[in-house]
Amino acid sequence: MTKPVSGKQVDKVFRAIAYACGILILVVLGAVALFLLFRAWPLIGGDQSAVSETISSFTGGKATNFWAYVGPLLFGTVLVAALALAIAFFVAIGIALFISHYAPKKLAAALSYVVDLLAAIPSVIYGLWGGLVLVPAIYPFWNWVATYLGWIPIFAGPAANPSRTVATVAVVLAIMILPIITSITRDIFLQTPRLQEEAALALGATKWEMVKLAVLPFGKSGVISASMLGLGRALGETMAVLMILSPGLKYSFRLLQASQDQTIAANIAAQYPEANELGVSVLIGTGLVLFVITFLVNFLARKITEKKAVK
Amino acid sequence: MGQRIDVNNLNIYYGSFLAVEDVNINIDANKVTAFIGPSGCGKSTVLRTLDRMHEIVPGAHCTGEVLLEGVNLYAPDVDPVAVRRDVGMVFQRPNPFPTMSIRENVLAGVRLNNKKISKSDADDLVEWALRGANLWNEVKDRLDNPGVGLSGGQQQRLCIARAVAVHPSVLLMDEPCSALDPISTLAVEDLINELKKDYTIVIVTHNMQQAARIADYTAFFNLKAVGQPGHLEYFADTTTMFNNPQNEEAERYVSGRFG
Amino acid sequence: MGQRIDVNNLNIYYGSFLAVEDVNINIDANKVTAFIGPSGCGKSTVLRTLDRMHEIVPGAHCTGEVLLEGVNLYAPDVDPVAVRRDVGMVFQRPNPFPTMSIRENVLAGVRLNNKKISKSDADDLVEWALRGANLWNEVKDRLDNPGVGLSGGQQQRLCIARAVAVHPSVLLMDEPCSALDPISTLAVEDLINELKKDYTIVIVTHNMQQAARIADYTAFFNLKAVGQPGHLEYFADTTTMFNNPQNEEAERYVSGRFG
Amino acid sequence: ACGDNIPAGTAATANADGLSGNFAGAGASSQQSATEAWIAGFTASNTKAKISYNPSGSGAGVTTFLTGATAWAASDKALSDSEVEQSKDVCASGTAFDVPVYIAPIAVVFNLNGVSDAGKHVNMDAATIAKIFDGKITKWNDPSIQEQNPDITLPDTAITVVHRSDKSGTTQNFVEYLKAAAPDDWTYDLSENWPNEVGQGAKGTSGVISTISQADGTIGYADFSQVGELGTVSVKVGDEYVDISTQAASNAIADSTIDENVTGDNRVVVDVNHTTTADNAYPIVMVSYDIVCPVYQDSATTEFARDWLTYVVSTAGQSVASSATGSAPLPNNIVDRINESIAAMG
Amino acid sequence: MTHPTSHDSSGSAPASLMADAPVIDFDKFKPTRSHLAARQRKDTFMRWLILLAFVVACIPLISLLWTTIVNGVRRLNWDFLSHNMTYVVGGEATGTGGYGGILHAIIGTLEITLGSMVISIPVGIMCSVYLVEYANRSRLSRTVRLLVDVMSGIPSIVAGLFAFSMFSILVGPGTINGFEGSVALSLLMIPTVVKTTEEMLKIVPNDLREASYALGVTKQRTISKIVLRTALPGIVSGAILAIARVIGETAPLLMTAGYIVSTNMNLFSGEMTTLPVYVYQEYSKLRANCPADASASCVTTIPMERAWAAALVLILIVLILNLIGRIVARIFAVKTER
């Protein structure tokens, strides 16, 4: 039998642990940031001519300065991740709604299970599949797009064959993050208070109107955070991009052509094995930039949701 | 004008559990009919079959007929959405839309039916509905505040305002006043009295005085035993029900009244 | 034995919004005190300060004193957890624990406080509490079913059973009967009458008849206008309150009674 | 240990013998298959030794070696002067040295309907190869290619160049050849990164090979052992076109010199003769090294390193690697030099 | 238009209730037939669109599973599961008649993943408890929440670099072992655990907390016995999602856990291979050599076949983890009407 006093102490310890875990996040992230800065320091504090030589060796002389190097990488990273999210977002919400509100109960249970399973498929398998199966299979489609929609600059042809392009990578990443977003969104949608749904239906709402009135507003913050999780994954994805994309160092929107853009994470993986001390510093510098970008993206997303919540 | 409802041989199930058995009842147009009975006897369940809200619960279904002005609501070609447009509903627990302002909550149903509403029409409608629910004075200065910021009773009145704003021909109310104070209750009862000129009203209530005050007819539901299905024990006009019931169970129930 | 409560100069805030102003009230031990008043006047808010539940709402706080048998509940060294163990509470909306069976719900207060209890004691306690809440006969065969599977009224009675099972010395009830049918209400009222031998009881109700039936004292809260803080308008023994109130607002309010 | 495959036909070696201990190496991915074969061969006679090899990449391998965490490094590049200098900190005495252990011909691989699937080689001189990889020649039936291949009708297919997208010793060796053999047509600086934006990049040899297999008209370069069914280019050496083969690669190395000007003791660094005119010599070759200390802090490691190198460059070791990967055996003149270095160890 | 004049008194007499109310012409608000039809069409359209989204998404996912299964079953047998890659040379069969296997990689995957679960699940859950239950919108909590989001965006390769450097400094230069991999993976796992758990805790109705507090239950017990218990199924699926996030990681493990062909049971010492690393390495090998004098059992495509088989096993392991999670979630499911 526990006396109130000891209950109070347990309470305090529990609270302290919870706080410690919260603060641990700060510490860990601080440690990572500090480490990145520390390892990237030679970029700023080191011998600048050696730095530009290293960068030049990475790029075959196309860039000699860190910002000229990281700029296109950053552009490529954001482009690929944003495209992936754009493709996955609506499809994911569609599937989540299908499972939570449209599919018959038994089917929904089975589908839920499949989605959870797919969320767990390792990226190296997506890389294998994307590189070996999707790349040849999707070429006719991209070719069709380039032929008929080529007047839109982003679809300017000729479509690269094999399609180791930003467009293909975006599709693979979209497929990768789809189950993640779906899984979380579905859970949120399933939690919509029945009272809200009934309120909408009783007003004579159709099913879709009910979804719009009750389900989507309720799930909004969850959907956004699920998307951020997906976006985070897409921004940091290494293997699938590495195994599929034919990289380039341009600021290019030509999604269907090869050797246009590259992502930071894949670039680190491609260059790290053969990099020397200073080379690693440069690569970690690019990692730091990615870190900052994720920070900004999340910060903006948070601001947007906060504003909506206030209203 | 209100429409009459005829319920024939209605059996209502939750999955394989028969919750309510063999209900036959004729609900007159432009009258108030009250459902009374002990907790768990299926009042809410029966009420929800009248606008096909019952079938929303997974596995829930029913057999038998519910005729709205002679048209069977459960006929294969009837769209439940259309039914619910015609038959409004107010729930036991207030359920305003949490993301909407008070004003938007009132207009929610109307906006579904008609996208193009002028601002002044909308303003009038909001005022009309909120006055009807006796909420106007309390909220008129903060129509743009969120509906969930109100107290429980205010929220329930907001829900009533929302339901009447779509001007249904039948209005179902499941203990709409159970979270209201007497003044609001009185206002709602007056509203009901006024609305019955145009609408048919069915109300579930635990408050027998309320039933006696406002209902033209009263249906008494009962339960043989726990776990058994509920059933309609006795249906009569309200005066008979409360003064001279021709049914022993009903007699026992209404004479246990108090207050 | 029940304990008396004295409230001195209580101001209650939600963040910076003063919800209730300057309440002074003396609640006698082993009596039933009812809080009445229009919706939004702060009855629930005051009630929740009596067991320090108010402060759970983020930003909510209060100033002034609440003395339980002379001890200020808001003194710095008082543990709110201990207060709540002594002062039980039943809420407006039934809230059984969804992860627990009916039986476990009743025992929750005992079990969650890590008290060891033998199976037979537990069985006795469950039966005692459920009988008190007039729920025993309905659920005795399915004590291991989930508590949330019950109907609204049954759920509320389950919550009452859960609250009385911890044997508090004060019992606060926020419209405990608003979702109950008359028979259950009667049973709960009887229970309240019985409990007051041992406990002090404070009940918020909209049903003035209920207040008149069960309360020894009645506190009438009021609201000058919407957005203004609520306040205690008039406090008197129940007979005076309903027959001969010495306060004009209270007079107006209780004379608006009906049924 | 748990789950080990019994070494082929050596149940008798269960009598524990040879070295014991855990030894780790890391470095060039190009050596992965060869090293795994060597580990299998080495542990078959040293059953108590547990050897791991992490194909983390040449640069990472050397960096790790220089921290003292591994017993040896494998690298597609010889050590730099500063790395030799740094090795003083990890070696118990002297400086680390590199010896060639693995010679891999680099094939110029292509996929062209009607040609490669018919098993035909295409002849090219260094200038043609350089122009193709620099995007100057864009069609398979370009006259400069057609001229060299009178027996084949080349289609009017666009050429898609496929190169490595990661930093790679293979790229370095390939462009070294282009720069040496066609200096007018290949003007880029030497680098382990592909220098221009022609065609497509793919990660690793496996990426290059699968990209080439996926479309008609592709051409790239890759380790010979990975070529499979794809076509290979016969490279003009002197006046002949030489098909790629392990023997031809070995011949090119035999015709190369050992760089005598490197700083540091015991080092055997091959200066590949890309412009060789020797008979049946295939000039696009990569030489990959093992890097060890002459003496380690811990004598067991010294002993391991010596035994390891001895085995790796032995006829047995080279033939195991050759059958596992299709690499070219080390020519005898180089093996002799390596054995001198090994003898200086310990 | 009748405009309302202001009116006092909430205790107004019934008759005056609607006295000042505007007169409403409800016909104005009645839906037109075409509008109704349009709504109906939109509803049907959305229904089909949602179904279409589902079907479209199925195509690649089915293709992926199909490819893996078809290519994977070819080499998936007991020998493959019960052996490691020692003494595997080129495309030749080993002494057991097999072509090497993944025993070492399965053990590595399980140990490293378990290691990261042990670190990140308690930390993650307690962190979300802090966020939801303790920190009411304080500055610190907003920072933590933001940083959790940022953390979920750490590229896995950077996590690997971080763990590698940390161990190099704390343990010794060039240290590589399985636990180092666990630490790297924890960095990726914690934000997923925190975010999913946080969502789940937020959904637990406040009513339940209040009910518990009102029974005189301490905050710690309310959280652990009511809140966490109610959210448990969601937390379990969050944890599974987090495992899913890391079980397929390759890049950070290449750096931290290394690669070895023999079996290493010790998480805290020596290199360890995991299944994704194995898949990637075999894919990188692409083809094995069969010399001219090779036996008939020599298979040149064996590395890719092993890669697919290992990929299939990886999926199966995930499937089993999922099943376990489901069963756990079902056992602790919250029994509601829904």
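A few notes on this one:
All chains are identified by letter, namely A, B, C, D and E, in their written order; residue positions are counted from 1 within each chain.
Here is the rule we use: a contact is a pair of C-beta atoms (placed from the backbone, for glycine too) under 8 Å apart; a residue touches a chain by one contact, two chains touch by 3 or more.
For clarity, every value in this text was computed on a predicted model and none was experimentally measured.
Shared contact partners of subunit A and subunit D comprise E.
Counting hops only between chains that touch, subunit A reaches subunit E in a minimum of 1. Comparing each chain's Cα centroid with the centroid of every protein Cα atom identifies chain E as the most central. Between the interfaces C-E and A-B, more contacting C-beta pairs are found at C-E. Centre-to-centre separation between subunit A and subunit B, using Cα means, comes to 48 Å. Taking each chain's centre as the average of its CA atoms, subunit B and subunit C sit 29 Å apart. Note on chain placement: the centre of subunit B and the centre of subunit E lie 45 Å apart, centres being C-alpha means. Subunit D and subunit E have Cα centroids separated by 40 Å.
Residue numbers of subunit D whose C-beta contacts span two or more other chains: 29, 56, 210. Counting only residues that touch two or more partner chains, subunit A has 7-8, 11, 132, 206-207, 209, 243, 269, 272.
Counting only residues that touch two or more partner chains, subunit E has 10-11, 39-40, 43, 218-219, 221, 283, 337-338. Chains that are in contact with each other form these pairs: A-B, A-C, A-D, A-E, B-C, B-E, C-E, D-E.
Across the complex, subunit C meets subunit A through its residues 79, 81-82, 85, 113-116. The touching residues of subunit E, counted against subunit B in their complex, run 1-2, 4, 7-11, 14, 17-18, 20-22, 24, 26, 28-32, 35-36, 39-40, 43, 337-338. Contacts from subunit E toward subunit A in the complex involve residues 39-40, 42-43, 46-47, 49-54, 56-57, 60-61, 63-64, 67-68, 122-124, 126-127, 129-131, 133-135, 140-141, 143-159, 161-162, 165-166, 187, 190-192, 194-196, 199-200, 203, 218-221, 223-224, 234, 237, 240-241, 243-245, 247-251, 275-276, 279-280, 283, 307-308, 311, 314-315, 318-319, 321-322, 325-326, 337-338. Subunit A makes touch with subunit C in their complex at residues 1-2, 4, 7-8, 11. The touching residues of subunit E, counted against subunit D in their complex, run 82-90, 92, 94-96, 98, 100-101, 103-104, 168, 172-176, 254-255, 258-263, 265, 270-271, 281, 283-289, 291, 293-294, 300.
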